[in-house]
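The same subunit A turns up in both complexes below, where it pairs with subunit B and then with subunit C.
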Partner chain A sequence: MFDAAFLVRRQAPGLLLSGACYAGGLFVGLAVSAFLLVQAGVPAGALVDEFLVATFLTSDGLSQTLTAALPLVLVGLASAVAMRVRFWNIGIEGQLWLGAVAATWVALGGIGPEPLRLPLMLVLGAVVGAAWIALPLWLKLKWGVNEVISTLLLGSIAFLLVQHLLFGVWRDPATNFPVTAAFPEASRFAATGWGQLHYGFLLVGAVTAALWYLLDYTRVGFYADAVGHNIKTARAAGLPVGATITGLVLLSGALSGLAGVTIIAGTEHRLSQVVGNGYLFSAIVVAYLARAKPVWVLVVALALGAVFTAGNVLKVFYSISEGMIVLVQGTVLISILMAQFFSTYALSRPS
Partner chain B sequence: MDFLIGWLAIIPSYATPLLLASLGLIICERAGVLNLGAEGLMAVGAMTGAIIVLSGGNPWAALGGGAVAAAALALLFGLATVVKRADHTLSGLAIVAIGLGMTGVLGRPYVQKTFPGIETLGDLFGIDRGTVFGRIVAVQDPVTIALPLVVFALWWWLQKTRSGLRLTAVGENPAAADVAGIDIQLTQLAAVLASGVLCGLAGAYLSVATSHVWVEGMVAARGWVAIALVIFARWNPARALLGALLFGAADALVPRLQAIGADFPVYLTMTAPYILTLGVLVLSSLRGKTSGEPGFLGRVYLRQDKH
Partner chain C sequence: MIDTLHQSGGRGTLFPGTPPALDLRGIDKAFDGKPALVDASFSLEWGEVHAIVGENGAGKSTLMNVAAGVYAADGGEQTIDGKARSPRSPMEATAAGLGMVHQHFRLVQSFTVSENILLSLGRDSRIRTPAQAAAAIAAKAAEVGLPVDPARVVADLSTAERQRVEIVRVLLLGARILILDEPTAVLSEEEAKMLLSFVRRLARQGHAVVLITHKFREVAGFCDRITIMRHGKTVMAGAPVADIDEGEVARLMVGEALAVSERPLSSPGAVNLSVSGLTQKPDRFGQGLNALNFELHAGEVLGIAGVGGNGQEELVACLTGLSRQDQGSIRLGGRDLSRASPYDRRKAGLRIIPSDRFETGLVRELSIAENLALTQVAKGNFGGTFFLNRKGMRHAATAAIQSFDIRGASPERAAALLSGGNAQKVLLARELDAGMKVLVAHSPSRGLDMKATLFVRNAIKQAVEGGAACLLISEDLNEVLSLSHRVAVMNRGSIAGCRAIGDVTPEWIGALLAGHV
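So, the complex of A and B:
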C-alpha cells in the first residue's frame, strides 16, 4: 500500500538533510519524552530545572552528571567499536558485570601489592570482559551463530553468577544483605573533592582519546570501516577481515569490563545487585546517536549522564520510577530511527 | 513421586507464556520482520492485565486488554520497520526499552498488589484432587488447555491456506511476492500486529494467570527466551510447542526444588535454560540452510532495490 508512491534510495544524502532529520528526530523524541513525564506527574515547569539547570548549571549537578557519564562513555565506546564491524554486542551488561566481579575479587582478596591494586583491578576487569565476549565471537566466526542472541544469553548468565556470589560467599557478614563488604582505600579511585567525581575521569579521557586515534587515524580504523560497509569487498581486497573483527569485538568486551570496574572502584566501592543495571540500552543509544564516533560518544554520554542525574532527582522528589531513564532512551532512539527515513529515501512518482 | 507430580503440574503454566510469545514471533518472522521487542511487548501486556484486574475488571478482559496494549506498541514497531524501513535490530531494542521503561513509570502504583486470577479447571469442573490425574489437571487453566488447538490451527493456516502461504512468501522472497500482487507492507504490518497481540497475551498470562500480582521486571528475560525458542522450533509452530514444554520444564525446576527444601545452588541452576538455549542456537546454526530461517528475515525490502 505504501509503494504506490515509489521510494527511491538517495545515493548520497546531503549533510544538511541528514542533520535536519537527525535534529528533527531528536526533537520529537525529547518532546514525546517530556509529554510522558508530565503525564507521569512531573510539573511541566520543573522539567527545565531538573534536566538543564540542576544537571549542568549548578556545581553539584555538573559533578554528578560528569560522574554518571564516565561509565556511559566506556559502554558507549564498547558498543561503538563493535558496531563499526557490524557485530551486535547485546551482552554489554554481562561483560560489565564480570569485569566488576574480577575487580571485586582483587579488592576483597587483597591480591597484589597495594600500589598496584587498582591497576590490577582495571586490567583484570578488561581481560575478563573480553573473555566473556570471546565465545559468541568465536561461534559467530566459526559457524555463523547469531551474536544478538548469544551475547544476550551470556549476559543473563553473568548476572546469575553475580547473584550466586552475592547471596553466597560475598554476602556482607556485617549486614547479611546481598552486597559485598566495602572496598579498602587502595581499591578505589581517589576522589577529586568536587562532588562525587573521582580520578577515573583521567582514565576515561585517555581511553576515548586512544580510540579516537585508533579509529580515525590508523589502518585499523580503515579496515574496520571497510569491513563494516561491505564485508565481501573487504575480503576480496585482501584485508585482514577476521583479525579486524576479532580485535574490535574483544576490545568491545574489554571496554565493557572496564566500565564495570569504573563503577565499583569509582562511586559504589562495593559490588551489589544494582550497579550494572540499565547499561545495555544506554550503550546502544549512546553509540547509535554518536554514529559510533568516539568524540561524539563523549558528547552523547554527557547528555545521557544528565538524564541519569535528573532521573535520580525525579525518583526522590516525584517518586518517578528509574524506568523513566530507559523510557526516554527508547523514545529518542525510535524517533531518530524513524526520522532517518527522510534522509535515506526520496519519494518519486511511479512512471 | 510427589516431586515429580508437582513438577509436571506446573510445567504447562511455565510453558504457556513462552509458547504464546514464540507463536507470535513465528508469524512475524515468517513475514520477514525480525522482532526483538518481545520482552517489551510482554512487559506491557503483563502490566496492562494487572491494572485491569486491579481496577475491578474481569481476568479474561484483562488478558484481552494486555493483548491490545501490546499490539499498540507493536504498531509503533511496525511503523518504524515496515513503513519507515528502519533497522529491525535497533527498532526492536528501542521497543524493549520503551516497554520496560513505560511499565516502570506507569505501573508504579500497582506494584505488589495481589489479585484473583483465572479460574483453574479444578475450580470450574470440581475435579477431584485426590488422584494423580486430578492433581495435575486441576491446576491447569482454560488457556493452557486450548493452546495445542491454537498451535494446530496456526500450523494449518501457515501450511495449508492461501493467506498463510502468502505470509511465508513475503518473508522468503518479497520481490517475487510483490510481483505476484501481494501487498508486502500490509502483510508485514498485520504480522507485526499479530506478534503484538500474542506477546501481550503471553505477558498478561504471566501476571493474571500465573502470578496474580504485578512487579517491575516480572517478564524476566522470557521474551528473549521466546526469540531463541523460535530458532529452536525452526519457525514451525508444532516444534515450538515441544520447545516451550522443554524450556518450561527447565524453568519450573528451580521453584520445585526450592519447594521441597533441597539444598542446591539456586542461581547456578537458574542458568540452565540459558545454557540450553545457547546449545540449541549453536546446533541450529550448524544445520545451516535447513534451519528454516526465512530468507529475507530482518532485511529491509524496497521495490526498487535489486534483490
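So, the complex of A and C:
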C-alpha cells in the first residue's frame, strides 16, 4: 500500500496542528500504557485512581509526586541544556553518581563547619559532575570524538567507582551491607513536614527559574539556538561557539551532579547502589518531551514524578515489576515522538 | 549568432546511414518560470565521443537530464536510436539503453559496491543476490577494462573509484549511450587521462558517449565532435573537433556580446584588502589554494570569474575565518587578520555573503529578527550580559524588512520560509551595515529571479559607491562583467590573470577559464 509514498516536510506546522498531534500522541501513549497495565493484572478501575487521584488529588500523593519530581527536574534540565547545543549527554547517570560520591565524602567525613556542610555538598557535587563531563567534551571539541559513546562509557566507570567504594571503605559498619552509614543531620535537606518533601524543592525551583531566565532572556539561549541549529553559520557570524558549547555542557554535568546530591541529601540520606538508577532514561524522556525548554521540563518532570509515585503503589499492591514503569515511560515517549514526526512531515502519495 | 551554428558533418560517424543514438530537437525547459533551456538541440552518433561545453548555468546538465528522464521537457522532440522516446524516469531511459553518471554521485555510502548496484537493478533483473551482483560486476569491469572491486564499501572509495562504480553500474544496466556530466572536474590529471582513454575505447566498441567538460584540451584530445551551449541555447551543434580552434570555442562559450564597457573608478581608493601567498593543501575532495594573491581597493569591485571547484569555496572559507590557510596573509586596512577569529574580522569591517545562504549565512530555524541580529548580539547591540533585548531585535527587523523590501516576512517568521530572493535580502540587510569596509560576495545572485538579481547587484553597487570594497566571486560571467572594475580569473586555486574591465576580451577570459594561460 505504501509502494510509492513520500514524506513531505510541512512548511510551517501551525500551533493547532502541533498541539493536536501532541495531544493525540499523548492519548495514544496513555491508552497503550493502560492496556499494558491491565494486561499485567491491574484492574482497569484502579488506573484512574492510582494515576490521577493518588498522585495529584490527595495531599499525601501530591507530596510524593513533588518529591519524586525534584531529581527528575534536575536531570531533565541537565539533558535539556546540552541538547540545546546538540550535545547528547548520555552520561547523566555517571555525573549523578559522582556528584553523589563527592557529597557523600563531605557528609561522612564531616568536612567543613556544620552550617556550611550542605552547601559544600551541593557545590562540590556540581563541580565534580561538571568535571566528569569535561573529558568527553574536550575529546569532542578537540578530536571530534562522538560524545554518545564517551559519556555513556564514563557513566559505567562512575558506577564501578561507586561499587568499589560501597563494597570497600564506605560499607556500612553496622549492617555490613554495601550502603554507607546514614548521613548526620547537618548533611540532609530539612524536612518540610509535608509527607516526604524536603527543602531541596527551593533549590530546584531556584535552579529552574535561573535556567529559564538564562535561556530565554539572555544571549546564552540565543547563542545556544544558533549553535545548535547551524554551527557553521554561528561560527561565520562571529558567535562564541566554543564558549557556548563548553558552558552549557559543563552546566549539564553540574546539574546532573546536583541531582545526585539532591537524592541522597533529600530522601535517601545515604549512598547505595540503587539511588541513581534509571535517571538517564528519564532525563532524556523529560528533555525530549519538554523540547529542551526549562519551564516545560518542570511540567513534564511533575507528570513523570506522578508515574513513579503511581508505579510504587502498583508495585506494592499489584506486584507490577519496575520494568513495567519504564515501559510506560517509553510507550508515552515513543507515541509522542511519532506524533511530533507527523506534525513535521505529511505523507503524500503521487496520483 | 546564427552564422556560427554549424551543422554536423559526416565525420565522427562510424556507422553511416544508421539513425543517431540520441537526438534532441527544440527542447524547452523552465524551472519556476525561469527558462533553463530555450530551443536547445543535440545530436549524438553511435561510435563517437561528443563534448558539450559551456559556462556554468548554460544548461548542459539540464539538457542531459532531460535526455536521461530526470526532467521532463516542456517542449521539443526526442529520439533514442531513431525511435521517438521521451523517457519519463531514469528507469525508462535505462530501459532504452541510455545511462547517465551525474556530477554528484548517487551511491549509498555505507553499502558495498555490489549492494549499491543490486539496489539499482530493480525487480526484473535476474541478478538477485550480492554474490551474483559481485560476479556480474567483476565480469563487466573486466570486459570494459575498468578496475572495480565489488566487495568494498563505498565510503572507503576515492572519488575516482566511486566514479568507476557509477560507470560500471550504468553499463551493467545495459546502457549503450553513456552520458558523463563533468566527470573530470573531480579527478586528478592522471585519473582524468585514464577515464578519457577508457571513454574512447568504449566509443570505438560502438557505444555513444557524451562528455560534459570545461577543458578544451580534453575536447581536442579525446572527442570527435563538440556542441557549445550558452544561456540554454545550442550555439554550435556538433562541429567536428578538428575544424575548430580554442579561440572560437572560448568566444562562443562566453558570447561576443559581452556587455563589457569602460567602468572607470570614480576615485581609486586605498588598498582595503590585501591577500598574498594564500596557500592551503587540498582536502580529500576539494581543490586547495595555491599562492593566491590580490589587492582590493576602496570603491572598487574586483570580480573573480572561474569554473566552480577551482578553489572559490576554499578562498571564501579562508577569508571568513572558517578555515585556516597553511601559508599566506590576509590584511584588511593595514591590520593583519591572517589568524584572526571571524568575530575580529567582522569587527575590522569584513562582511560575507556566502554562496550557500543556509549553510554559512542564515539559520533556517531561527526567526528573521534573530537572523538579522546574529552578528550584533555579541557586540552588545541588543542588551548587555544579563538581558537580551528581543523587543529591540523585533523593531530593528521591522525596519530592515521595510527598507530592504523583504516580502513575505515578519520578524517572528522562520527564515526557512522565505523564498531565495528574500532570504538573500535578509542576508544583505545584515551584512551591508555601517561598519562594512570589505564585502566578499560569492555568487550573490545564484538561483534568484531577475528582479531579485537586480536588487542584489544594485545593493552591491551602492555599497561600493559608498566607499566600501567588494570582492565578487562568481561562476556567472555575466554577473562578474556587469559589476566589476577589474576582472580576475581563478584556476586551480590561484589567480590565473587579472585585467581592468576595459581590456577584457572573450578570448582572454575563455582561455583562462579553460585553464590555458
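The rule is simple: the second predicted complex is superposed on the first by the 343 of 351 C-alpha atoms of A that agree within 3 Å, B and C clash if a C-alpha of one lies under 4 Å from a C-alpha of the other, contacts with A are read in each partner's own complex, and residues count from 1 in each chain.
Following the convention adopted for this analysis, a residue touches a chain if its C-beta (ideal position, glycine included) is under 8 Å from a C-beta of that chain, and two chains touch if they have at least 3 such contacts.
All figures in this text were calculated on a predicted structure; none of them were measured in a lab.
*Asks:* Answer with clash or fit: subunit B and subunit C placed together on subunit A by superposition.
*Replies:* clash
*Asks:* Which partner does A:Ser156 contact after superposing on A: first (subunit B), second (subunit C), both, neither?
*Replies:* After superposition on chain A, A:Ser156 lies in contact with subunit B alone.
*Asks:* Looking at A:Arg219 after the superposition, I want to know if it touches subunit B, subunit C, both of them or none. Which is it: first, second, both, neither?
*Replies:* In the superposed model, A:Arg219 contacts subunit C only, not subunit B.
*Asks:* Kindly classify A:Gly330 by the partners it touches after superposition: subunit B alone (first), subunit C alone (second), both, or neither?
*Replies:* first
*Asks:* With both structures fitted on chain A, tell me whether subunit B or subunit C touches more of subunit A's residues.
*Replies:* The larger set of subunit A residues in touch belongs to B.
*Asks:* Is A:Arg235 touching anything from subunit B or subunit C once the two structures are fitted on A? First, second, both or neither.
*Replies:* The answer is second: A:Arg235 touches subunit C but not subunit B.
*Asks:* Give the list of subunit A residues in touch with subunit C in this complex.
*Replies:* 11-12, 217-219, 221-223, 225-226, 229-230, 232-240
*Asks:* Spell out the residues on subunit A that touch subunit B in their complex, using ranges where they run on.
*Replies:* Residues of subunit A touching subunit B: 1-3, 6-9, 36, 40, 88, 90, 139, 143-146, 148-150, 152-154, 156-157, 160-161, 163-164, 167-168, 281, 284-285, 288, 319-331, 333-334, 337-338, 340-341, 344-345.
*Asks:* Going by the contact rule at the top, pick out the subunit B residues touching subunit A in the complex.
*Replies:* Touching subunit A: residues 36, 40, 76, 79-80, 83-87, 89-91, 93-108, 178, 183-186, 216, 221, 224, 227-228, 231, 265-268, 270-271, 274-275, 277-278, 281-282, 285-286, 288, 302-305 of subunit B.
*Asks:* In the complex formed with subunit A, which residues of subunit C make contact?
*Replies:* Where subunit C meets subunit A, its residues are 320-322, 341-347, 352, 354, 358-366, 370, 373-375, 377-378, 383, 385-388, 413-414, 417.
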